[in-house]
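See the structures that follow.
Both complexes shown next keep chain A, but they swap its partner, so chain B is in the first and chain C is in the second.
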Partner chain A sequence: MKVPPQIVRLLIVTVVLVGSYFVAKSLLTPPTFGELGWYRAAALEELAQHKLTYAGKQECEVCHDDIWQMFHAGKHQTLSCEGCHGPAMRHVDDPENEHLLKPGSDQCLRCHQQNPSRPDWYTQIDPEEHLEGECIECHIPHNPTEMPEEEEASSEQ
Partner chain B sequence: MKQTKTNRREALKKLAGLAGAVAVAPKTTGAEEALRRYLFKNGVGEDYDPFDHKWLMVIDIERCIGCGMCVRACKAENEVPRDPLHFRTWVEQYTIKKADVATGRIEGETIVRSPNGGYDGFPPPEVPEEEILRSFFVPKLCNLCHHSPCSQVCPVGATFDTPDGAVLVDYEYCMGCGFCVQACPYGCRYMHPERHTADKCTLCYHRITRGLKPACVEVCPTQARIFGDLKHLGPDDPLRTFIETKKAQSLKPHLGTEPRVLYAGLDKEVR
Partner chain C sequence: MTNEVLQTAAQTLPHVSGYVYPNEQNVVWSVLIVLYPYITGLVAGAFILASLVRVFRVTSLEPAYRLCLLTSLAFLLGAPLPLLFHLGHPERCYEAMMTPHMTSPMAMFGFVYAWYLMVVLLLELWFDYRRDFVKWGRVTPGWKGWMYRIFTLGVTDLSEKALHFDHQASKVITVIGIPSAILLHGYVGFIFGSIKANPLWGNVLMPIIFILSAIVSGVALCLFMYMVLCWIRRQPVDMACLDSMARALFAALLVAAAVEGLDWFHRIYEAEESIAILKQLAVGKLFNTLIITQAILGALLPLLLLGFTLLSLTSFFRHRFAHELFPVVRRRIYFLSSVLVLIGVLAMRWNVVIGGQLFSKSLRGFTTYMMELGGHEGWGMAVVLLIFPFVLLAVFIRLFLPEKPPAGGAPTEQSRPAEAAA
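Coming up: the complex of A and B.
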């Protein structure tokens, strides 16, 4: 049986076209593409390697156990240390040289300034009607219902 | 003449066979093999298995005080540009005015604002207090759609739903066409001005794979944001308590995106 030349030519053209599709696909598809879905599976691990900026509350307990105890006895216990003090990963890595913020009264008012949009259950103050001065003169930020004088008196005893 | 006909039929048969072989040829990777391959180490402890988690975030609007700490933490953690145009998460302040009695309506105008995305906190609404019917804050972020429109429109497969429930962008592979930015019905994507790729909330993928909470959940002072793993819900898990006790709903449910970010106390004005 002799295959006619036009069929041979058609076969060659088909093989070349299909072959070049697979060559192009293997060259252009990045490694791991399609292994988990229509994406590069290696991207998952790459994105997971991003560096941390916020260390997480549990890191603070390691060194600041005293504040941790007081903090968890008070009304501010649901707060994260890094919410007020800023991201702490650099401080965790190098506690001697990298220091965190000591927030001022503006940081207190960020949450506690009276605002009709805030829910009613939430403690809010009007800074003009509330007593003047810095918040920390009357409140220990780590346990806000306690007065700082009492703490100083008890530490002196 | 007859000979030629047979030959053509034979040749066509052979071609059909070749085409069939080509169609069957692409290899299929077994799920089990893939699973073993995608356990990855991430700094600490055990290997992270993306098939062993399903992350979920729930937001209690009644607890949000609009301090904007989540916005700050997100920008610092994920190197989001500090300008007031680019956010992975932001907070909106809704103020609904009292209706004029003469109009016979229940509610007046709704004012939504988000100065700098809430990065600097919120001043009281501009509407005088006596004119306010109700006012509240709504934190927004990627809704982690189960059927994500952004992944569907990506022409190159650079954005995708992970097995653990995040929707991520492959920055190495994204070509910056911006289709996904337009496709997202929640406006949660933006073009990164330096990287020139799409960018969005990754659910802090680098944190959750290390066993930490996302930065916004970590710093939230009132626990308005609760984050958890549907596949590992403990009996006292705050997420379980939330799902069992609150009536939570998603944004724009009619779109069928099935978000995995749920809101409790959602007002009808929130879109």
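Coming up: the complex of A and C.
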């Protein structure tokens, strides 16, 4: 049986296209791809070369032991220091010249602004009614149940 | 870094109501992801309309057969562009094909797409056009002649036996093409339907709803393009063809609207915990696009318009009123209906893609989609990407659906749709 010329030509085109695909695949697939998983194994080494920006909570304890103790006695103990203060690696490397950001009241309101969807047990405030000045005037963010020393002193008097 | 976080929060929070998780504040699947299933649906729908001619022998649609196939091809070539632009690094797209991951539905879509383009659409067009390419290649000078000759792939045999083989092969490919077209668009529905964490998306009816709305939009687009093409060429419209397309549109729209209605009926009766927020979504943030545009303007109104018009063609109506609706009135109603349906299906895609991201997984809050005017995912880019397939189609029509076939080339019935009918 004679194969129609249409089929012959289409087969040739198919072989050329599929062949080109496999040639392209062999040329364009990165050499270390698939060695460890569905990714380029060399990427791990490249990523390890990246400069770190976050230091991690443990680094803070080295110099700020007093705050660390207070922090772990309070309700905020599960939070990350860098969650409020931002990435700290540069500060760890050069504590004298690189300073961390001191967050303002806006940062507190991200979690504590009154919102009907938040559960009742969660501390929430209406900033227009509750807030006069900055949060830190009355609260210590590292241990929110404690009062600032000046306030305590004035209340004792 | 902290300032950036605070600025983002300050910009975002006013657009959020109730409780929304931090990663739900911004809508990440933008308008470009709305366009992608819309354009893919037009491809599948146009192909299925064309298949009515080859497989189901609806001969009245013959004048629009090639237009349907070319429409399907132009929109298929435009379909991946919204995805590429959404991803932000279009130059990396080849990597998905070079290292294909067999367990990723999104990665496998590349192969579904390639199958549909290479094995279905291009093959069917090639078998259908081969005779014309040979004839046009012989008489057309310059680059166009070269192009036609290259497209023959060197097969210049025009014997009756060869042409008969072309016809049979074209038929077989159409039979393969119907499930492929359904797979192409069912796959898009599957992507959404398989996201079980989202109560609006995670639904087994989703692939079916997508396929049906795809057929509706594709038929509407072909009807629209056929009328526009005849109008541009100042050719009379083949009313038998137009009536058949309108019947197909009416039938597809009826089934699609019924299934979508069933989906909502089922959700409301089942009353899972998500239904409260879905109801709020439907009558709140999606009111204009879901109730007004998709349901009333995009489905109910075209159904009534097409229903009454097609009723006038029945012997019952003719017997009572001694006349069917005048062709000029029918044409206008069909045109209006096709435009309404096209807008309605676009709204449906919007409601699924954007609507599904507007409510929180906590089921207790909403966010807002803020669409920018410029930017790589804004209004401007969306309009450009939506117009692009039409531009491509205009080029295809100019090259492959000439008003007058190249001198010496025997005119074929398909290449002169309106003239043949007139």
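Just so we're on the same page, the second predicted complex is superposed on the first by the 101 of 157 C-alpha atoms of A that agree within 3 Å, B and C clash if a C-alpha of one lies under 4 Å from a C-alpha of the other, contacts with A are read in each partner's own complex, and residues count from 1 in each chain.
We take it that a contact is a pair of C-beta atoms (placed from the backbone, for glycine too) under 8 Å apart; a residue touches a chain by one contact, two chains touch by 3 or more.
All values reported here derive from a predicted model rather than from experimental measurement.
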Partner contacting more residues of chain A (chain B vs chain C) = B
Pick one for A:Gly56: touches chain B only (first), chain C only (second), both, or neither.
-> first
Examine A:Glu45 and indicate which partner it touches, taking first as chain B and second as chain C; both and neither are also allowed.
-> first
Thinking of the overlay built on chain A, is A:Gly37 touched by chain B (first), by chain C (second), by both, or by neither?
-> first
In the overlay, answer first, second, both or neither for which of chain B and chain C A:Met1 touches.
-> first
In the overlay, answer first, second, both or neither for which of chain B and chain C A:Pro116 touches.
-> both
With the two structures laid over each other on chain A, which partner does A:Pro103 touch: chain B (first), chain C (second), both, or neither?
-> second
Report for A:Val18: first if it touches chain B alone, second if chain C alone, otherwise both or neither.
-> first
Classify the contacts of A:His85 with the two partner chains as first (chain B alone), second (chain C alone), both, or neither.
-> second
Which chain A residues lie in the overlap of the chain B contact set and the chain C contact set?
-> 4, 10, 33-34, 38, 53, 86-87, 110, 115-118
Chain A partner contacts - residues on chain C that touch it in the complex = 1-3, 6, 9-10, 18-19, 94-95, 97-99, 101, 118, 123, 126-127, 130, 153-155, 157, 162, 165-166, 169, 362, 364-365
In the complex, go through chain A and note every residue touching chain B.
-> 1-4, 7, 10-11, 14, 18, 30, 33-41, 43-54, 56-57, 76, 78-80, 82-83, 86-87, 110-111, 113-119, 122
Which chain B residues qualify as touching chain A in the complex?
-> 4, 7-8, 10-11, 14-15, 18, 22, 29, 34, 37-38, 40, 42, 48, 50, 62-69, 73, 76-78, 93-95, 121-125, 129, 132, 135-137, 157-163, 168, 170, 172-173, 202, 205-207, 209-210, 212-213, 215, 218-223
Inside the complex, what are the residues of chain A that reach chain C?
-> 4-6, 9-10, 13, 17, 21, 24-25, 28-29, 33-34, 38, 53, 84-87, 101, 103, 106-107, 110, 115-118
